[in-house]
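Supplied in structure tokens, the structure appears directly below.
By written order: A, B, C and D. Residues from 1 in each chain.
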Amino acid sequence: MDQTPVLSLSQVSKAFGAVRAVREVSLDLHPGEVHALAGENGAGKSTLVKILSGVHRPDSGSVLLDGEPVEFAGPADAQRAGVAVIYQEPTLFPDLSVMENIFMGRQPRSRFGIDRRAMRAGAAELFERLGVRLDPGRPARGLSIADQQLVEIAKALSRQARVLIMDEPTAALSGKEVARLFGVAKALREQGCALLFVSHRLEEMFELCRRVTTLRDGTFVATDLIDDITPDDLVRRMVGRELEALFPKQETDTGEVALRVSRLTREGVFTDVSFEVRRGEIVALAGLVGAGRSEVARAVFGIDRWDAGSVQVDGRRLRRASPTAAMAAGLALVPEDRRQQGLVMDLSIERNIGLAGLADVRKGPLISRPAERERAKDWAVRLRLKFAKLTDPVNVLSGGNQQKVVLAKWLARRPSVLIVDEPTRGIDVGTKAEVHRLLSELAGNGVAVLMISSELPEVLGMADRVLVMHEGRLAAEFARADATEESVMAAATGRSTA
Amino acid sequence: MRIDLVRRWEGLILVLLAAVVMWASLGVDGFANGSNVSFLLLDTTEIALMALTMTLVIVAAEIDLSVASTLGLSCAVLGWLWNAGLSIELIMPICLLVGAACGAFNGLLVTRLGLPSLAVTIGTYALFRGLAYVMLGDQAVADLPPAYTSLATASIGPVPLATVLVAVLAAIAAVVLHATGLGRSIFALGSNEEAAYFAGVRVKRIKFWLFVASGVMAALASLVYTFRYASARADNGTGLELAVVAAVLLGGVSIFGGRGTLPGVLMAVLLLGVVRNALILADVANEVLNFVTGLLLVASVLAPNLGAVWRRRTSPQLEGKSA
Amino acid sequence: GTTKSDVAQQSSAPATAAASSAAANPNAPLKQGLKIAFLPKAVNNPYFTIADGGGIAAAKEFGGEGKEVGPSDASASSQVSYINTLTQQKQDAIVISANDPNAVVPALKQAMAAGIKVVSYDSDTAADGRHIFVNQASAEDLGRTEVQLLAEQIGNKGKIAVLSATPNATNQNTWIDFMKDELKKPEYKDIELVKVAYGNDDDQKSFTETQGLLRSYPDLAGIISPTTVGIAAAARYLSDSPSKGKVKLTGLGTPNQLRKFVKDGTIEAFELWNPADLGYLASYAAAALASGQITGAEGEKFKAGKLGDYTVGAKGEVLLGKPTVFNKENIDDFDF
Amino acid sequence: MTTTAARPEEGVRRNGGRRLVDRVARVRELGIVVALGVLFGVTGAVNPSFLTYDSLRDILLNSAIVALLAVGQTLVVITRNVDLSVSSVVGLSAFGSALILADYPGVPIPVVIAGCVALGALCGAINGLLVGAAKVPALVATLGTLYAFRGIDYAWAGGRQVNAADMPDDFLALGARSVLGVPLLALVALAVLLVVGWMLRNLRSGRELYAIGSNPEAAVLAGIGVRRRIVAAFVASGALAGLAGVMWAARFGTVDATVATGKELDVIAAVVVGGVAIFGGSGTVYGAALGALLLTGITSALAVLRVDALAQTAINGALLIAAIVLDRVLALRVAAALRRRRFHDAH
């Protein structure tokens, strides 16, 4: 395959202030090929994506379209050139219908303006291809992260682009949707489309891609044919060192019940959910996207009101709908949507980390700044956060590093019951191992951990027990020994009940 | 980076203030003398008082357009009760309670029903003023106790007592906003309410009390106003809300919440007061005064932004919420 | 605590506040180069533009220097800012039409303490806030003559309404009180005052209020609008409504504003003093005060240029004279 | 449950869902229509003269100008901005048109109207550039121009008042004339309303305004010319304010520099009552226009019902709050309904 690449980068660099996000990186995207982009959090993957899509202009180096240098003045230019992008963070219009989100700016037209019928049909057809069941007419507000991601994918597909760039499209998806997406991606590849695929899930890269380019700290490491390397090679390229085992959960002695949820019901969302988590135990909550896992977590933590049932922490009943009460009882929740729920983007790293524990850094009525900084620094170092200054606003951090800030915020409180909702979404392999080690260490120290995850290997590797939800109800419970990919998936899709 | 920008902004206001004061002292007859300075300070009292709480409210990403009407209602209550023969020492706390009730009404509508405060307070802007008219009608209550009316205009040297009150309350508000957990929480919830809620910030409670504080402050301002002008009327303070909001925005508080400082706001209040006073002294026509106020407002936000626009021109990037 | 009755007792003692510090010297010449500032309710109000124009012209006549300053919103607090700056500027006299008779008093007292003479015109302040009030027409005259004008037009019978400015306007309310008093007379027993509406001296509000009046009282016979803004708006509304000529309209207005409606029959007659003369007289009164000819005590006399001699009445009032009635016959003789 | 098995019944449910959503969307405006019905019904029952032709004509005339402004304001509010300067633009345009007509009687009326619309558009362009290009928050920018434009107006007027008598009768007739019994001004407002309403719903550019207001950052990524659209929205709002200014002059005849002072809050109130989200992204011009009609209707009704003048402001405020509370309660109901529907519809 030595025809000219459709789109390529030649020796591009980009700096944000003092941060040199990308340094002299080159990349070729060929038609009919899926190219993978690998690297740790903050390695510069999304920055490259944004250069390709016209969001950023490179400080030096050039973007080549069909071998000719081009300058994209903005995303509109890149789109006109046939580049479609799925960004790392969903970029939907919450007030508009799903179909309008997909076709914004390119709505089908009839003589009397926008042809809504054609638009609905178009959206339905795209959803069909992706195996998504969504009403094209419903507003995008209230869609789960996964559904948002699926709409993003539909949006990119609808452009029928020559180049399709996907920045961690699968981070929020579970196996079923990923399989569908890959089916579609492969079909596009056959049609001669050039694809760029960013992911932290190695197995996905090996399944889909032909070539992989690795970045480390903003610099180019290598481009390899995927068949020539092993996953371990790839990790070594990304991280520059050997990694410990990914799922290091050791058996620990479990103590008494720390979190007891009984017959919890929130009308129309989940029904009759009962379970316990003991000290020292990691319990995973698995299920398909939209099964209601996040909602259970939200209700337990007091974000949403529940209609019936009760939540007890260390034997004491929690008040409804009060995160403050939950926190006082020793509960912590790392939410799934870090941008909306986890972080205050305009505030600095240290203030974000300090936000959930203001009481801990107080001197009398006043906040002690040194104490606040010390605490933030401590946790930033422990989680290997990649940052320039603690006073930088978190929105300049890469996605994975933002996730670490959320973790730091809650771990700094030293909770006795920790609920983590997709804790490793968008986190690179190295850090993922770190997070897993951390969770298991916490469990070892007697913290009760409830982990919601859509990544089956993570669920199976980490959990002492696996709870599976289906359509708002607990469908099954497996001990560690009985949990297999098949049994969990069967329960999650409602094919079997335990 | 953004933090620097904010600092630069306050620097800008400070430089501007210094420049205007210099110009006025040298070039405008009658500006730089004790009684004028005293009057100038006194004249900014009500706006400064209401701007203190307005700053907190706007940092929390809300707005209270009903402050001037709350002031009016409190004046009306004062006049009405005074006519009814109550003692002034009893009336004053009642007025503060009325202010608190007005604020609580706004706060309930905003927090319990989740209504946008802009809409709610446009409604209560009419409602409170209307209630003031119902209470006091066209009466002007002027026979207020001289002990209090003279207290309101009294001063220590060139510094009016009312300014001392402002200074004390400003210090308290600044400490609360910039050095306490409550202040941190206000910034956080103003910037991302959902994330703040997830972090255990009592979003609704804080907002509710901010509105109450705003109401109480408006009532306090009404006391100063009434005694200063020795006249309690239902239309007292009409139109002040825009002046208060203008001062807060000029002070560098982001209308989207989550950003701003109290010293900046106080400097802005002073800047607007000085400009107004100096221009009137210099016999500049009123229309020019309006024009200058508007220009100042736009220019103060525009100046730091122009730099950013220039930078953006040389490298297009994602344009987020602007400062 | 301090209650209303306490204050009433205290303040009854020092009643005679402002005036008569020095004795008047009726023969003192008018000083040259007097600085006289006119402070209307709001600048950009055409009525005050005319009145203050008259005052400034008078100042020129006697070798003084007049200027008009003021807020663009008719509020007491902004007027106070201006009074204070005028005090700083050491004007010789301030001529003011008060937005709030009481709120401006503390500031005016400070001005008087600084040696500045204060004349109120058009809308008075509390008596201790000024030396002289130049009254455009006695409230009693205005109130009563307007009822008489309307009564004649409607044949002493029917429902009438008043369209006033703001509910707080002192002068308006005094006039309305006199109208009500006049209506008690036996010859007006068939006239019923059904409503006092308020147009807030806002053109559109007055317009809507007129509509409202005609809707709620379809058998309305006449409207009195003792405000220039109100009468113009009401005339505009009536002139293209079916009630034109049937519902009689009178009140206070300027000839230029209402000429069209007098000619097309919407209005039979209305009245007003000459605002330019009002400013003119106030200007002379201020000069007389500043020159020591008068102090504001009852009975003092001064000369007001082309308007002739005036005498200070009770409570420091100087009366401009009787209002002029304008109708089809004489309206073309006036241009203001 | 496999996907294929679900498909037939799914279609039915989706239809049901769609109908619910549609109905809900219409209900937002329906609420105001109901409120209008109650207002007219009650007032008419107490005082039948409220429902006479003349009275209705007056209400239409009065609301025409506010409705026009509300339409322009909606365009801006949808993009998550706000235009506080409209009242000053109306003042400027009203005085400008009156002055030209009075001092230069030879200038044809259409030219004056076009000039005022252009003047308004210019003011709008200044706002738009400040907000769209220079990134000054709209509330700050337009609060600033609110003062600045009014300042220019005052300086221009210099205390002068233009009276009906000074203006040509042809012009004043525009404010009073009716076509087929409907006042001309109301027809103009209606035409503008329908055109803008159609554009917002059926043109890509219209939909892009909603997109911008719904998520400005995503709009940039979607390749929408955000800057251009925002400027356009402000220009449109300014131009409509310019038109409203001329209409004001024609309708009221007496014009000075203070025309329409403080009207901006009325306009925003109308927009909010009309169900336009103050944070952008949703709402229709029809709602806004109905909101304007409701608010003017309330004012007229209070006058007709012989409500004490002093109580009118308070009642106005209370009704305004009642309207937004009602709207909110309705929206909450809908949200709850959507929640319950979830497992039937999507998953």
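The definition used in the following text is that contacts are C-beta pairs under 8 Å (C-beta built on N, C-alpha and C of every residue); 3 or more make two chains touch, one makes a residue touch a chain.
Chain-to-protein mapping (UniProt): A = Rhamnose transport system ATP-binding protein; B = Autoinducer 2 import system permease protein LsrD; D = Autoinducer 2 import system permease protein LsrC.
This is a predicted model, so every value here is computed, not measured.
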item: Most extensive contact between chains (C-beta pair count); value: B-D
item: Mean-CA-position distance for chain D and chain A (Å); value: 42
item: Between chain B and chain C, centroid-to-centroid distance (C-alpha), Å; value: 35
item: Centre distance in Å when chain B and chain D are each reduced to the mean of their C-alpha atoms; value: 29
item: Between chain A and chain B, centroid-to-centroid distance (C-alpha), Å; value: 43
item: Multi-chain contact residues (two or more partners), chain D; value: 150, 154, 217, 220-221, 277, 310
item: Residue list for chain B, restricted to those that touch at least two other chains; value: 133, 137-138, 239, 285-287, 290, 318, 320
item: Chain A: positions in contact with at least two other chains; value: 55, 74
item: Chains that touch, pairwise; value: A-B, A-D, B-C, B-D, C-D
item: Chain D partner contacts - residues on chain B that touch it in the complex; value: 65, 109, 113-116, 118-120, 122-131, 133-134, 137-138, 239, 242, 245-246, 249, 254-256, 285-298, 301-302, 305-306, 308-309, 318-323
item: Parts of chain B lying in touch with chain A, wherever the complex brings them together; value: 1-3, 175, 179-181, 183-185, 187-188, 191-192, 194-202, 258-259, 315-318, 320
item: Residues of chain B defined as touching chain C within the complex; value: 29-31, 33, 35-36, 39, 43, 82-83, 85-90, 133, 137-138, 140, 142-149, 153, 225, 228-231, 233-239, 276-277, 280-281, 283, 285-287, 290
item: Interface residues, chain D side, partner chain B - complex; value: 130, 133-137, 139-141, 143-155, 216-217, 220-221, 226, 262, 265, 268-269, 272, 277-279, 308, 310-318, 320-321, 324-325, 328-329, 332
item: For the chain C and chain B complex, residues of the former touching the latter; value: 1-8, 10-11, 43-44, 67, 69-73, 75-77, 80-82, 84-85, 88-90, 100-106, 126, 166-169, 173
